[in-house]
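What follows is a pair of complexes built around subunit A, which joins subunit B in one and subunit C in the other.
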Partner chain A sequence: MTIADAGQPVLAAPERRRPIGLLLVAVPVLLVIWLIIWPIISAIIQTLWMRLPEGGETFSLETYRFFFSDGYSLSNLSITLWTTGVCAILLLVVCLPIALYLRFSDSKVAAYVQGLAIFPMFVPSIILSFAFIRVLGPNGTVDLLLNAMSLPKIRSPYLTPWGPVIGLVWDNIPLTVLILLSGLGNVSNQAIEAARDVGAGRFALLWHIILPRISNSILVAISFAVLGIFSAFTLPYVLGPAAPEMMGPFMQRTFRELYEPRTAITQAVITFGFCIVFGLFYVRSVAKNRTP
Partner chain B sequence: MSILKIKDVSKIFASGQVRAVDNFSLDVADGELVCLLGPSGSGKSTLLRMVGGFERPTSGLMTIDGEDITHVPPEKRPTGMVFQSHALWTHMNVFKNLAFGLKLRKVAPDEIKRRVEAVLDLVGLNGYGTRHVAKLSGGQQQRVALARSLVLEPKILLLDEPFASLDQHLRERLREEVRDIQQRLKITTLFVTHGQDEALSMADRIVVMRDGRTEQIDRPEVIYREPQTPFVAGFIGTMNLIEGNVANGIFSKAGYSTPLPVGDGPAIMAIRPEALDLAIAGEGSQGKVHRVTDYGTHGLVDLELNDATRIKAMVPHPDLFKAGQSVTLTPKAIAAYRDGVVIHRA
Partner chain C sequence: MKRRDFMLAAGTAAGALMLPRMSFGAEGVIDVYFTSDQNVIDFWTNVVKPKFEAANAGITLNLVDGGDGPGVAAIGDRAMAALASGSDPQADLFEGFDTRVTVDGIAKGLYVDFETAGLSNYSKVNPLAFDIPTNLPYRGSQVLLAYDTTKLAPADVPKTWADLVAWIKANPGQFIYNRPNKGGSGGNFVRRAIYEANGQDPAKFTVDNYTAEAGETMLNPAWDILMDLAPSLFDGGAYTSGNTQSLQLLGQSAVTMIPAWSDQALSAIDQGVLPETTGLVQLQDLGLPGGFTKLAVLSNGTNKDAALKLADFLLTEEIQSAVLTELGGFPGVSWDYISADLREKFADLIPQTIPNFPGGDWEKAINEGWYRAVAPNVDPAS
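Presenting the complex of A and B:
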């Protein structure tokens, strides 16, 4: 019939498009499998299968057993967790007020504040480290100013655990602010006004309306920050103490200086294990958002 | 007792260029429902937001029960506002949306439960407490928004185009329900709308606003039948506004003339379509039928005067008229305006 004939091409069009769509995503998916998924699997296999001196391989948890019984490895893991936790808290404390200000301020100053908040994104970590040393390091600008005012020197955070914390917080401010700001964009002015209308003051508004509405964004921002901080290298390497050290420099030293690739890979797998927990938080949050 | 008094309130926005509300005054009586009606940009929403505390007046005074509220923040005002977009908190269920304001007022949990259930019953959402607001229909969401305001027992209920996002049928049903609830609770209400039907069917009084000023404040039937300005005449309902000249007591415009006992000069004649009788003309035609629309209960005839001015007439039997026919016009009720004020009504 004419109607059926006329209808056929309309129905067939999406069918024809489907393989093109799949082909378009196939390339990046294959690249992810090749460059990310396979190295992860390969690394895990390498840490679990030990070569025997007489040839052949055997299953062994020896490297993991060593890591979790070695005091130095554990203190490195512990300082990494501490740094990550402190940075995550500080990032929230610093970035949430900035994002709230940017979302709700009508002032022209807000545009400049946003520019300043995003600025660290354009500063490479190594430049930031250099600036940090010149300002907060021994005989840096702060020391010179204190000296000029005849005041005692401060205890520099350089080469202490606080050095990487300051650097990493600075480095992660832009992304955290942007994610929180995007979350706050979903809190409508009318929802805020409705809350004020029923009697909510500033704190009640923040606690009962704004924070629950942006909890997903907070989770995503913290997941991103934690993923970056946990495996950070440059800032902990340049600004942090020699020992204990964060997992990034620890892995590099184990691999390059101690020539223990299998131990370094084990450290990487353990680091990955911690990161994947936050990665799953992120994936869950994205999936939750996409659920109709 | 007048519960809400607005006296000489103005709002000039920061740029200093826009005078959104200009020297506006209004007294709203206890239990009265007043509609602020006007086109977009007439200042009605700004005025409502000032009463709600969301905008600060540049000058003027507002009182509720004699208490100055001009600079009181919204969270401390005895007002409750229903927003156009419902503005429900989607991370809370219906019960929590309603209970939030009561919790902030430290009302006992048992009392919160009782009041929330009572108000849900009032708006016809009994048993919906545990439902997630995002999963409710538009009409149900609007009822929750209304219930959220009512549960706090405000002295003044403010409605900011609450039905604007709903379809026609739902809008008609909800406005009847809201009017019933308002009358049952005898709650003083200020209602912003740009829908004349809403204003005419719900309000005790209508304030027609234009450019931040009052054009007319009156009962709906008076606003409809006796508009004081050509703007109100043209804005409320359908009105034929014919600009012409009066000479020796006769108004004339492009072949159409009718007696008008006012002084000579330009005038605007206002005739409602239902107040214009049509007759098929042999000679002395005053206009031609352009189009006939049959609405079932009545018909609307679009007419063209000799200079192509279009006017409308409502007829009981539209099948009697056809496009191209010559007709004569006999107005049953007219008003005439000059310099923006009414000069004659008959």
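Presenting the complex of A and C:
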């Protein structure tokens, strides 16, 4: 990643400049503490300390106990994990070939492919959702085309767990391709040519030369995609089945329609617990890159 | 210097973008926030705004789409904070809003109590529509069945609940309703099933008679009815996530029949979203329920008096008739205050009573119960 290169500033007198550097990072760090870290801590506190009806507060794990003993909540969690996992695998399968093509192709077509791969970034997900219903929904464009060729209709993924999967994969292609592409920038042409000279085949090139050099980027790309997909709202809500629902719509419904903020926050904390694992992957890989 | 010019221009532009957020509620401009769909905002833009502004020189309406319930609820929370600090809430009137949503809002006097506000037309409001004194009903809408007349002849359309169930089972995959918490067309279809499970008696449900036991004995039979229907629904038990998505499926001819809001279905046919061959029908044994849309006026708004004048204006015969003719909704006032020829014209289409299911705890129980019992589409006992 390019962030890693900025890690070694050329400072003439580090002792004198250090306070300025600290001051410069103070603002974002304070913002993160105020807007992210503190809300997390306060959310966890809110779910653990229950207000008693007669006043006073007591420590209680009740909402967590309920979540993990409630079949409905657990099935929502497992569909979220399933969707995230399937999306992550599909994203790699789809994006790695695109990124490899873009990195090693010199043709003019590559520019158009890149434009096309980045395009989903500019489409708001609510528009994507309704377009999805028009195209892949029942009697949608695909069905019309198939019908014109006297072929049977497709089994529409609309309102099934595959609906959000297709939408989320499409939505996450640009970021994944961009991250993988930046990782592929670290693979030098010389290394590839050298390997070719000693007779490495295409697969050996990919396995022994390219993949080891971009494993970090793959990890970062997957972490980013997983973090986004895990708490996705619009696509699973519009395209997915009514039940089981993904954690995003589930939290929103618990909070806004069942008026149970404590339960909703518990769901959020549990979601956060899963996301933090991938967040740590990302932080670790960045930290590993920075140490000389 | 180019770069500096650019920075200057960008800074000015960013500042200009932020200006409206910094501005105060202007005197003589009533800020109206909507939770309703676009067809209602169009109605205000084309009918209410010009008529009201013509009748009240110097007062203009600023119509703001609040997105949805939570969107306007956030404006309500902001007004609540403004009430505590004595500042300007920059909002005057909420359309399609339940004042109960703002925590402590009613208790702290954030919303005007219409019983004591002295509106000249207040006595005309349909007694069926009253809820609490801080909610002013001004229009009603009912859920009907919208169907494709090319696939189902109007003569064969089910007219009772029993016929409807028989039709759905005889035509698997041709009916879909949306999740009860996401748009009222599916919600009121579910409520009709609840009435069916309780002797078709809307009087059994009031805003304050919910208890956990009552919920269990009165709602569980309804879940059984809906579970029984599920395998015959579109895709063996799929539920769309909103009114619009149901209309889209009917428009794409993927299903033959859906429950739909009367006003939304009429404007969809008008705009060509639904084909002209779309038919509308209401069950005759007991109609699908509907609801009244309520207004709230903020007591601390800059234009409170003008907003009350607007609220009163909405209850006049002129606007109430337009609700019928232009919006395709029902009047919020009693039918006696609608002109005789309109009353006659709509007599066949609209029943005299609109079952109106209470909100509050019942709504919560229905939303939770449906998601747990019906939506998973599996027998909990198995």
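Basically, the second predicted complex is superposed on the first by the 273 of 292 C-alpha atoms of A that agree within 3 Å, B and C clash if a C-alpha of one lies under 4 Å from a C-alpha of the other, contacts with A are read in each partner's own complex, and residues count from 1 in each chain.
By definition in this document, a contact is a pair of C-beta atoms (placed from the backbone, for glycine too) under 8 Å apart; a residue touches a chain by one contact, two chains touch by 3 or more.
Bear in mind the structure is a predicted one, so any value in this text is a computation, not a measurement.
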Fit-or-clash call for subunit B and subunit C when the two complexes are aligned on subunit A: fit
Which superposed partner A:G183 touches (first subunit B, second subunit C, both, neither): neither
Which of subunit B and subunit C A:P161 touches, first, second, both or neither: neither
Touched partner set for A:A243, first subunit B, second subunit C, both or neither: second
First, second, both or neither for A:E257, with subunit B first and subunit C second: second
Superposed model, subunit A: greater residue contact from subunit B or subunit C: C
Which of subunit B and subunit C A:P174 touches, first, second, both or neither: neither
First, second, both or neither for A:P120, with subunit B first and subunit C second: neither
Closest approach of subunit C to subunit B (Cα atoms, Å): 38
Residues of subunit A defined as touching subunit C within the complex: 72, 75, 130, 133-134, 137-140, 156, 158-160, 237-238, 240-245, 253, 256-259
Residue ranges of subunit A touching subunit B (in the complex, touch as defined): 188, 190-191, 193-201, 204, 208-209, 212-213
For the subunit C and subunit A complex, residues of the former touching the latter: 69-70, 179, 181, 234-235, 238-242, 245, 248-249, 252-254, 363-364, 367-368, 371-372, 375-377
Complex interface listing, subunit B residues touching subunit A: 52-54, 73-76, 79-81, 83-85, 87-91, 100-101, 104-105, 145, 148-149, 152
